[in-house]
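In what follows, chain A forms one complex with chain B and a second complex with chain C.
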Partner chain A sequence: MRRRNQQRRAFWLLPVALAAAVAVAINCGYSQIPFADILTSLLRPGGPDASVVLLQIRLPRIILAVLCGMGLALSGCTLQAVTENPLADPGILGINAGAGFAVMVFLTAFPALHIDTMIYQPLFAMVGGLAVAVFLFRFAKRKGKMRPGYMLLGGIGVSAGFSALLLIMATDMENSSYQLVARWLAGNIWGSGWQQVEVLVFYLLILTPLILSRASVLDLLLLGEDASCALGVRVQRERKTLLLVAVALAASCVSVSGGIGFIGLVAPHVARRIVGVRHRLLLPASVLTGALLLLVADTAGRSFFQPIEIPVGIVISILSAPWFLYLLRKI
Partner chain B sequence: MQSCMTADSLSAGYNGVPVFFDFDLEVPAGKITTLIGANGSGKSTILKTMSRLLSPTDGAVYLEGESIHRMPTKAVAQRLALLPQGSQTPSGITVEDLVEYGRFPYRSRLSGMTAEDREIIRWALACTTMTEMADREMDQLSGGQRQRGWIAMALAQKTGILFLDEPTTYLDISHQLEILQLLRQLNEQQGVTVVMVLHDLNHAIMFSDYLVAIKNGRKHCAGTPKDAITPQMLEDVFNIEAEVIQHPILDIQVCLPYGVRKAKT
Partner chain C sequence: MLSSARSFVLILLLGSLALVASLLFSVSVGIAGGDLQTLFRTLVYADSSSDMGRVMLEMRMPRVLAACFTGAAFALAGAVMQGVTHNPLADAGLLGINAGAGFLIALSAVLLPSLSPTGSMLVAFLGAALAVVMVYGLGMGRRSAGPIRLILAGAGVAAFLTALSQGIALGFGLAKDLSFWTAGSLSGITWQHLIAVIPWIGAAAFVSLLLSEKLSVLALGEESAAGLGLNIRAVRLVGLATVLVLAGASVSLVGGISFLGLIVPHMARLLVGSDYRRLMPTSALFGALLLVLSDIAARMIHAPFDTPVGALVAALGVPVFLALTYRGKGIDR
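Right after this comes the complex of A and B.
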């Protein structure tokens, strides 16, 4: 009991840290904005003194980083429980790549449409992500049982395959499209505006409660199929629902940000160290940790090497690769 | 003898390959029933099918007259608890966490724990003498303590029937006896009906009221240990030559194997 209270207290560090990171991010950037201007811009966004840089460029980007980090971390945390594999992550499982590929097909097939149909882009991404998930489920099924290990192997293969396909598609493109693909593969939230924020908020609001309300089911799934079934969990059905929602979450994020990997892997592991393994606390903690990590990585990527910007996906990979190796060693 | 659960000409298997056939069983209420048999004879599969983890290919299982495979799975979990063989414990969960999971069948999706839940968790920990260990992580416990934690989880389900698949595997002899004595105690004090699979024949004799011997997916014989355990049965079911003798201390018969039966020419 004492332990649980400690974890509950530790949880509150996360929103505080996130608020601090947002404050720092608002102040970081090519053009310095005085604190007074920030206040007037935020309080009276329509006013004559409002800063355009802050309201139209920096703020949507910060919010998008926070939202993407939330969605990818929640997706990763769910996938880790559903596949009973601590190394699961929408990037590693190839879901991001499948979603990215579908979006690319959408963009090249309907180039005139995509400006008006931003809202449909995530739907295409979901189809791509789900196709990968369905394939993985089939691939991982051996003798009527799902083998989580095969799922990971299949995902790595799918991921490599789709990345290669994207590059092949890109070589045939005019220069501007090629840059779009390259940006996609790296994972970037540069140049995003309020429209992307609105789209992502819409999908996150629908999908997040579906997972948060299943926190106790996620706890039980980790006991294994037999034990969770004996406790009254409809294992097959819950697994499918959770997988579907996790894929949809990752796909909506990927459709606005490109394939940012590792957040879904690292954020839940960091959150576990802070609040323990029970999903009632772990899910919200992962969400906040993911938001924090992605925002910090994006802020670092755009501030440290000015005037060059490093795509956030690359910053995250550089930060996370050693962690991934450490996890592999431990498991 | 009153029965609380019935298997009626039950058959099941994996991927179309049948494992056991035409199995009938009346589980005696308030008693300890043990399934015995050689490896691969189908005892674990019978246990899984009778606890609705596996769907039967034929026949049915009735729990107080209702077919268990047609009942909502949460409703079954309120009446029957099962400890699968060699359960995996996710790293990081404490004993108390695990016992709390036992309350899942009674909770709706968003409800927190009620005072009654907490009371039952305390009771389950006390029954298994795990109260002191409640805050410890399952990973850090010995095999025997971990198994007691699992039993506490099953108790928190507050079911009248408890199934266990080889609850003593991987434990040393003193922990094996400790777990079996705990089960006997729960059976006598709480009136829990126990159905389990055991490998050790003498443990099965010592701790069971009713034995069911399985051979090649079929029920070979059933009865009280005294009736069921005979040199002939041991030869038929386990392919061993054994003597059945009186235990020097306890009032039971035990078996002493002395060789594998030679192949008939």
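Right after this comes the complex of A and C.
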């Protein structure tokens, strides 16, 4: 009981850290904005002294980083429970690449749709991500049982394949779009406007409650199929629903950010260290950790080498790939 | 026996013919135009005064030869690794070796900008060795390193080192495309660079061909090989050294090309069987052929733009990788 209280107390550190990170991120950037101006811009966005850089460029980007971190971390945490695989992550499993490829097809095949109705873009991404997930589940089944190792290998293959296809398609376009795709593959916060924020918030508001309300189901799934069956969980059905939602979450994040890997892997593991394994606390903690990590990585990426920006996916990979290797060694 | 020996010779002969034909074709076509006649006139009469002839000699020829040599090198590296480690999924790209070589190349380009091509190649060997140590050190873990663990460790190491290279390349403004580190690039290769690299690839290829008989013995299993008097440690070490040189030299020239070392030996196995004495030369030949053909395709698909050639190879290689994994033969240890 005491331990649980401790964990609950540790949990509250996360929102505090996130708030601090946001405050730092607002101050970091190419053009320095005095603190007083930041305050007036935030309090009176319509006012005459409001900073355009802050409101139109920096703020939406910060919010996007936070939202993407949240979505990808939640997706990763769910995938780890659903696939009973501690190394699961939408990036490693190729779901991000599948979603990115679908977005690319969408952009080239329906150029008319994406200009004023960004809302369709995540839908296409979801189709791509789901196709990958369905494929992986069939691929990893051996004698009626899921084999996590095969699932990861399949994911690595699928991810390499879709990344290659993206590059091949991208060279068709003029050079600037090609650079865009190359940067997408490296994981860049793509859009930086309020429009993307609105679209992403819309999808996150639909999808997040679906997972958070199933925290107890996720706990039971961890006990293994037989035990959770005995406890009255319709395992197959719940698993499918959760998988569907997790993939949809990752896909909608990826359709506005780039292919950011590893965040869905690392955030839940860090969160587990802080609040333990029960999903009622773990899910929100993962969400906050993911947001914190992605925001810090994005801020670091755009401030270290000014005026050059390092895509956030690269920063995240440098920070988190060692963690993946560490986990692999432990298993 | 005789008939299989004859078919082996026939396959080598046909492969060589196809390689020569594709080399000639590749040099003589391109965005700037050109035809076989101009190529022959340029080659035979040393008539490099025509503009077309100069394009062929100075731009296309090094590029095509680079594809030829690195293709053979990546394929041989894959075959040696598959033989030495008993891992049917071994490939310099999948095991992170290319990423290691690329990482140190990027680092040396920042720290020692005046490094010669030979110097950057030696650095690449170091990087490749670093990656091998990382992958095996981490892949071993508590249990023995089965193929699945090794590939996962390779993917992790590759992701880490590639991200570092890309970060360095962006942050310090290296004149390389972001995709160079993951998908390679054959554009902008000079004679000077090519000539620095070829002897190393040639020597390593020669050693690996000498090694092929030993690899066949090793394929019988470690105990039988030891019983037959094979010094397994020595074979492993020499094999590893050739892989590092083959992959490192190739990466320093064209960047990281994955999956070539995976698919070509498997293709060769279908053609000539699993005896390494036949498998190695066939792999080298078809690796060269595959990369030269991929390069032709890469220049044609979206002309006048260059498609990264590694992306094309990966698009071919991923289905093979998935099929091999799905069957799971020799992986599930």
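In the analysis below, the second predicted complex is superposed on the first by the 328 of 331 C-alpha atoms of A that agree within 3 Å, B and C clash if a C-alpha of one lies under 4 Å from a C-alpha of the other, contacts with A are read in each partner's own complex, and residues count from 1 in each chain.
The rule is simple: contacts are C-beta pairs under 8 Å (C-beta built on N, C-alpha and C of every residue); 3 or more make two chains touch, one makes a residue touch a chain.
Values in this document were obtained by computation on a predicted structure and should not be read as measured data.
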{"item": "Superposed partners chain B and chain C on chain A - clash or fit", "value": "fit"}
{"item": "Touching partner for A:R278 - first (chain B), second (chain C), both, neither", "value": "first"}
{"item": "First, second, both or neither for A:R234, with chain B first and chain C second", "value": "first"}
{"item": "Touching partner for A:C77 - first (chain B), second (chain C), both, neither", "value": "neither"}
{"item": "Touching partner for A:R214 - first (chain B), second (chain C), both, neither", "value": "first"}
{"item": "Superposed model, chain A: greater residue contact from chain B or chain C", "value": "C"}
{"item": "Contacts of A:D226 with chain B and chain C, given as first, second, both or neither", "value": "first"}
{"item": "First, second, both or neither for A:F324, with chain B first and chain C second", "value": "second"}
{"item": "First (chain B), second (chain C), both or neither touched by A:L167", "value": "second"}
{"item": "Gap in Å between nearest CA atoms once chain C and chain B share a frame through chain A", "value": "18"}
{"item": "Complex contacts: residues of chain A adjacent to chain B", "value": "1-3, 143-144, 213-214, 216, 219-220, 222-224, 226-227, 229-234, 272, 276-278"}
{"item": "In the complex, chain B residues that touch chain A", "value": "14-15, 48, 51-53, 73-78, 81-84, 87-94, 96-97, 101-102, 104-105, 107, 109-110, 134-135, 157"}
{"item": "Interfacial residue positions of chain A with respect to chain C in the complex", "value": "87, 92, 139, 142, 149-150, 152-154, 156-158, 160-161, 163-165, 167-168, 171-172, 175, 178-179, 182-183, 185-186, 261-262, 304-305, 308-311, 313-315, 317-318, 321-322, 324-325, 328-331"}
{"item": "Complex interface listing, chain C residues touching chain A", "value": "89, 94, 134, 138-139, 141-142, 148-149, 151-153, 155-157, 159-160, 162-164, 166-167, 170-173, 177-179, 182-183, 258-259, 301-302, 305-308, 310-312, 314-315, 317-319, 321-322, 325-326, 328"}
